Amino acid sequence: MLLGTVIGNVWCTKKLQSLTGQAFLLVAPEGHQGPPLVCADQAGAGPGDQVLVVSGGGARVAAGAHVPVDAAIVGIVDHVER
Amino acid sequence: MLLGTVIGNVWCTKKLQSLTGQAFLLVAPEGHQGPPLVCADQAGAGPGDQVLVVSGGGARVAAGAHVPVDAAIVGIVDHVER
Amino acid sequence: MLLGTVIGNVWCTKKLQSLTGQAFLLVAPEGHQGPPLVCADQAGAGPGDQVLVVSGGGARVAAGAHVPVDAAIVGIVDHVER
Amino acid sequence: MLLGTVIGNVWCTKKLQSLTGQAFLLVAPEGHQGPPLVCADQAGAGPGDQVLVVSGGGARVAAGAHVPVDAAIVGIVDHVER
Amino acid sequence: MLLGTVIGNVWCTKKLQSLTGQAFLLVAPEGHQGPPLVCADQAGAGPGDQVLVVSGGGARVAAGAHVPVDAAIVGIVDHVER
């Protein structure tokens, strides 16, 4: 999984019906130069939260097998111990 | 998922039968240096639209389990709030 | 999916039986600095053809669920409109 | 799979119930410039251990098909012979 | 799939039981700057062999659906024609 920070929201009126009810949050993955990910929020995260993001099939285990997503927020991080 | 912009179309007459009826749009992923992705359009997007792209198995949840695709447009973005 | 160009063939006599009958073509993905991909050809492509490549589980939807591949050629591109 | 070194722990009180009981370890993949991965530990690893990490669906074969993870520690490395 | 060269072995005494019997070979992917991959050998490869590596779910089609791996050697390359 990846650690990331919630930096925004994405709104899509015109979308597949199977995505109805999903909240899409924009997450900046930690340590990545790449673009932010759009994640289906399964943990009730909000702006500025440090979150745990699962990708690929794991996102559908979290959101539902019929939900066409490939990234989901599955936890809000309390603490990272290094 | 990724945010991207529709920049073109891809036409393939000679293709697997299981791809018949799929419209292939060329999408430039936001913030990526890499090449554009070819996506199976499930949301009726057009040139210049900002779109939500799902990759991997999620694309087949959107397009159909028997459809050999690995990227699909599943929504047209109204607004990104940062 | 990715666009790419067929640049060669790969021959493997010693391989898993479940790969028997698969033609392996070497494809240079467009716009990538990385190495070429070895793809199981499902569309009858040849050297110099511009092709549509599906990766991951989509390759097994194209080639067969029991075939241990992760990249397949699923179409020969007529035209890319930008 | 990837080789990596355990460099820390990640604590998430607020998470999906299906993640309950999973220990999340922070693993620095060897030879990667990218960020560390958060892995579900299936091998009882500890800080400083060199570990074998499986990604994607393989992580759910290790942790359980209903567990929404995409990276898991599946072995502790004794020796790498080059 | 990727082409790579076998450069070593990885030994893990403490590992998941479902990995028992798998030989882990270290493979340097051709044309990649990244680290070597640890692959479950399904083709009887040895040091210096040029091999065909399948990633993700394809590795489990090769090694067994219950085996938590994400990369497998599925062939030994005779010849690459460019």
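Letters A, B, C, D and E name the chains as they come in the text, with residue numbers starting at 1 for each one.
Keep in mind that, in the parts below, contacts are C-beta pairs under 8 Å (C-beta built on N, C-alpha and C of every residue); 3 or more make two chains touch, one makes a residue touch a chain.
For reference, the UniProt names are A, B, C, D, E = EutN/CcmL family microcompartment protein.
In this text, all values refer to a predicted model and were calculated from it rather than measured experimentally.
Enquirer: Which chains make contact with chain D and with chain E at once?
Expert: Looking at chain E and chain D together, no chain touches each of them.
Enquirer: When every step has to jump to a touching chain, what is the lowest number of steps that links chain C to chain E?
Expert: Minimal hop count between chain C and chain E: 1.
Enquirer: How many angstrom lie between the CA centroids of chain A and chain B, rounded to a whole number?
Expert: 19
Enquirer: What whole-number Å value describes the gap between the mean CA coordinates of chain A and chain C?
Expert: Here chain A and chain C have centroids separated by 31 Å.
Enquirer: Show the residues in chain B shared as contacts by 2 or more other chains, in ascending order.
Expert: 56-57, 59
Enquirer: Taking touching chains as linked, do they make an open path (line), a single closed cycle (ring), a hub with spokes (star), an all-linked set (complete), or other?
Expert: Looks like a ring, each chain touching just two neighbours.
Enquirer: Touch as defined at the top gives a ring of chains. Read it off for me starting with chain A, then chain D, then onward.
Expert: Beginning with chain A, then chain D, the ring reads A, D, E, C, B.
Enquirer: Mind pulling up the chain C residues that touch chain E in the complex?
Expert: Touch residues, chain C against chain E: 7-16, 18-19, 24, 26, 34-39, 56-57, 59-60, 65-71.
Enquirer: State the interface residues of chain C toward chain B in the complex, per the touch definition above.
Expert: These residues of chain C touch chain B: 1-3, 29-32, 42-44, 52, 54-59, 61-62, 72, 74-82.
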